[in-house]
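Paired with chain B in one complex and with chain C in the other, chain A is shared by the two complexes that follow.
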Partner chain A sequence: MIIKGNIALSENGFVFNPATGDSYTINNTGKEVLILIREGKNIDQIIDSMLGKYDVDKTTLERYLADFINDLSVNNLLEE
Partner chain B sequence: MSKLVFEPPTITRLTPGVPSKHGVGAVISPMPSIDGVKVDDLIEKYGSPLFVFSERSIRKGMEDIKRAFSLRYLNVQMAWSYKTNYLDAICRVFHQEGSWAEVVSGFEYDKAIRNGVKGENIIFNGPGKSAEDLEKAARNGSFIHIDHLDELFVLADICQSKDIEARVAIRVNMDIGIYPKWDRFGFNFENGEAWDAINRIMINPRLKLIGLHTHIGTYIMSTDAYRIAATKLADLASNIALKYDYFVSYLDMGGGFATKNTLKGAYLSGEDTMPSFEEYAEAITSAILNSQIKPDKLPTLILETGRALIDNAGYIAGTVLANKRLSDGHRATIVDVGINLLFTGLWYNHKICPVTNHSGLIEETTIYGPLCMNIDLIRPSMMFPSMKRGDRFVITRTGAYNTTQWLQFITTRPNVVLIDQDRKVHLIRKAETIDYISENEIIPGHLA
Partner chain C sequence: MDQRKVTVAVTGLNNIDSPGPGIPVIRGIRESKVFNVRIIGLAYEHLEPGIYMRDLVDKTYMIPYPSEGKDALFKRLLEIHAKEKLDVIIPNFDAELFSFIKLEKKLDGVGIKTYLPSIEQFEERNKSNLSAYGEKYGVHVPAGTEVYSTSDLNNILRSMNYPVMIKGKYYDAYAANSFEQAVNYFIRLSAKWGFPVIVQEFIRGTEVNVVALGDGKGNLIAAVPMRKQYITEKGKAWGGITIEDPSLLELAGKIIFQTKWRGGIELELIRSTDHRLYLIEINPRIPAWVYLAVGAGQNIPEALLMLTLGMEVNPFTRYDVGKMFVRYSYDMIVDLELFSRLTTTGEL
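Presenting the complex of A and B:
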C-alpha cells in the first residue's frame, strides 16, 4: 500500500493531488494514518501504532481502517 | 497517560465553487450531559435509546410564558395539552405549575382525572367525544368545547334526559390570513355557523356558555395570525354581551406557538426565526385589551400551549450502530433511534449532537434509524462528524408529540427518565417488554 508520490499533505490536514487538482480535508486520525502509510508502514504496523495511542479496540480499528483505505483508493490517492 | 479518543479516520473531497446546501461554518457541538447528568451514565444505567426529560426546563418554560402573558394581562390560565405529552409525570409537573388539563378524548380525560385534576379544571376539546364522555364531563363540571352541531344536539339531549347542566364553550374557526386554513374543527366565524351555535346554546337553559375557544393551527410562525384571531374572538364576546347582556368568562386561544426546532424545508434555523412568548403575548393581549369588551368584564385568557413548553425539555440519547457509504459515495450513519421513536423527524431537521468531542471535521451524512423499512430516515442530509459504532449522541428538542405519537413498530419502546431539579434521575416509563405488547392478544383455540 503506497500513497502516490505527488500527493501533498499539509500540517493542518489538507491533502492535494496536483495530478487531478483535487483537494481534500482529512481529520487528525486520517492524517496520522496517511503519514504512517507514507512512512511505508503496513496495516499491522499501523494498527499497532494506533492501538498504543487511541482508546479503541482492535476490531473497531481494523473496521474503520478498511473504510479509510477504501476511501483513499476510491479517490485515486493510492498506487495501483 | 490516558489514551486519546478515537475518531474514525475520514477524508472528504472539497468541491470548489459549489457550496453545499448547508453553507459553511456548521458547528456540531458535543453534548456530554443533560442538566448536569452525564449522558454516558444515563445510557449505561437505562439503556439506549433513552428518552430524557428535564424538569428544570419544563418549569423554566412555564415561568417564561406566564411572565410574558401576566405582565400584559390580568387573568391568564394555562391548560396542559395532554396530546402533546401525556406521560403522567410530565403532566404532573405542569399541574404543579398551575396548569389545568386540556384533553381531546375520553382516554386523556381519564388520565387527567387520575393525575388529580379536578373535573372543573379540565377543558374537553376535540371532534370525537362519545355520549358517555360528554355525560361524564358535564357531571364533573368540565368545560366542554363543542366542535360541531351533532355534538351540540347530543349534549343537549343528554342534559335534558339526565336532568343535568353542562358548562360549554364553542370552538370557533376563522380566516386569519394564513395557509392552511384550519376550518375542519369547530364552527366557522365568517359564515355565521358560530353565531348559530351560540344562539342555540343561549336559549338552552341546560347549556351554560362559559367561554369561546379557537385554535388556529400548529407551529404558527406569525404573531399577526394570533392578533387577528384574538380580535375576532373578542368581537364575538362583545357582540354576545350586546345581544344577550351576557359576558363569557374566558377566551381560549388554544395552542400552536412554534418552537425553536427547524422545520423541514426551512431556509433559516428555527432558533433565529421563531417568535418569542413575549411577541405572541403582545399580539394576543393587545387585541383583547383593544377590543370592545369593557375593562371590568375582561374574560380570563386561557392558553393551551403544548409543543412550545415541552419540546425544549425533551431529548433522546442514542447510539451509533453502523456506518456505510452509499452508491454515490455519500456517507450514511445508522443509529438506534428510528422514526418509530422520533415521529417529529418527519417534520423537523432535528439537531443531533455527539456526546464526546470530535475533531471538528464534518461531512454531509444521511442519518438512518435501525428499522428495516425505507421510511426510517432521521435526517436525509446533515453535516455530521465521523462517529463509530458504539459512539453516543443526543437528539435535542424532542419533548413534544414523540411519546404520544411514537409507534410500537418492529420493536418495543425504550425507557423514559426525568431529571429533577436536584439532578436526580427518575424512571418515569419502563421500557416495554414482549409480554406487555402481547398482553392483549388472544390466540384462538385452534391455533393454540
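Presenting the complex of A and C:
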C-alpha cells in the first residue's frame, strides 16, 4: 500500500492531488494514518501503532481503517 | 533592460460573466518586462467592460461586426492604424478569426503583424470536423455530427443515448436529456450562431483544459493544464487550478507538432470515469483563463507578442502546480459622458 508520490499533505490535514486538482480535508486521525502509510507501514503495523494510543478495540479499528483505505483508493490517492 | 515600445490592438474586451480573453491577455502583456505597451481596444459593443478599464486599455475604437465582412473590417482598421500606428493585432474571438486570417497579408502589408493559424488549420479543428480530426491525429473524440434541421436532429438522436450535447457553431453548449430539450436547444443555437449545430456524445468525467502556444513550426512554446473547479451555468470556469498531468502536455505537444499550429490554442478535454482522455473542443485562440498560466509562470500573452514581432522565444519548461484562479465581478462607475462619446464618435 503506497500513497502516490506527488500527493501533498499539509500540516492542517489538507490533501491535494496535483494530477487531478482534487483536494480533501482529513482530521488528525486520518492525517496520522496517511503519514504512517507514507512511512511505509503495512496495515498490521498501523493497527499496532494506533491501538495503544486510542480508546478503541482492534475489530473496530480494523473496520475504520479498511473504510479509510478504501476511501483513499476510490479517490485515486493510492498507487494501484 | 530597455523595454521595447509597441502598440498592440486587442479584441475580446467583453469581461462579462462569459468573458472574452482580451483583458487577461492585456494583463499578461502589461506585466511584461520586455515591452512597454500602448493598448488599443477594439470593441463590438459599447458596454464591453474593458473599454472603461482605463488602467489597462489606453484607447478603444469600435469595429464592425464580423457579419459585415472582412473589407469593412480592413477599412476600419486602416482608419485606426492611421491614428495609432498599430504594430500588432491580437484577435480573441472565434467568430472574427476567419476575417483576420484572411486579412493577414493585407495587414502585414501596412505594417500590422498578427500571429494566427492558417485557414486550413482553423477549419480543420472546427467543432463539426472533430471526428475527422480525432481520426487523423489519433486522439479520442466523442462521437458527433452536424445537423441542419430538426428532421436531421431526429434521425441522429435515434441512434444516440441521452444526455447528448447540443453545441453552437462558435459558442454555447447544452446537455439535452430528451428530444424536446434537444429541439429547443437546436432552435436557440441555430438562431444565435447559425448552422450547423453540432450534436455530440456526452462524456461523463472531469473537465480539464490546456492553454498552449505553437510557433507554426511544430514546436510547443508553452502549455499549462487546468482543472475547472467551479463551472457557471454557461459552462465557464469561475475557479480553476493548475494540475500536473504529463498526458495532457503530451497531447498538447502532439497536436501542436502534427498540425504545426501557429498562435494560441485551447484544448477542452474530459478525463472520463474510465480514465480515457477525450478531446471535446479546440478553440483557435487564447482562452479567458490565460491569466492563470501567467500566474503559474508562463506569460503566454507576452510570448505570443514576442513571436508576432519575430523575436526568439525559448519554450517554457515548467509551471507552478496547484496555482488557482478565482474569477470575480466588479461594478465600475462610468460617467455618461464617456459612454456618449463612444457611441457618437466610435472611439474613447
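By definition in this document, the second predicted complex is superposed on the first by the 80 of 80 C-alpha atoms of A that agree within 3 Å, B and C clash if a C-alpha of one lies under 4 Å from a C-alpha of the other, contacts with A are read in each partner's own complex, and residues count from 1 in each chain.
The definition used in the following text is that a contact is a pair of C-beta atoms (placed from the backbone, for glycine too) under 8 Å apart; a residue touches a chain by one contact, two chains touch by 3 or more.
Just so it is clear, the model here is predicted, and its values are computed rather than measured.
Chemist: Report the partner of chain A that touches more of its residues: chain B or chain C.
Modeler: B
Chemist: I'd like to know which partner A:N12 touches here: chain B for first, chain C for second, both or neither.
Modeler: neither
Chemist: Which of the two partners, first being chain B and second being chain C, lies in contact with A:L65: first, second, both, or neither?
Modeler: first
Chemist: Is A:N75 touching the first partner chain B, the second partner chain C, both, or neither of them?
Modeler: first
Chemist: Spell out the part of chain C that touches chain A in their complex, as residue ranges.
Modeler: Per the touch definition, chain C meets chain A at residues 206, 208, 226-227, 229, 240-245, 271, 321-322.
Chemist: In the complex, go through chain B and note every residue touching chain A.
Modeler: Residues 2-14, 16, 323, 325, 329, 359, 361, 386, 388-390.
Chemist: Considering only the defined contacts, which chain A positions touch chain B in the complex?
Modeler: For this pair, the touching residues of chain A are 13, 15, 22-30, 32-33, 50, 53-56, 60-61, 63-65, 67-68, 70-72, 74-75, 77.
Chemist: Looking at the complex, which residues from chain A come into contact with chain C?
Modeler: It comes out as residues 6, 8, 16, 18-21.
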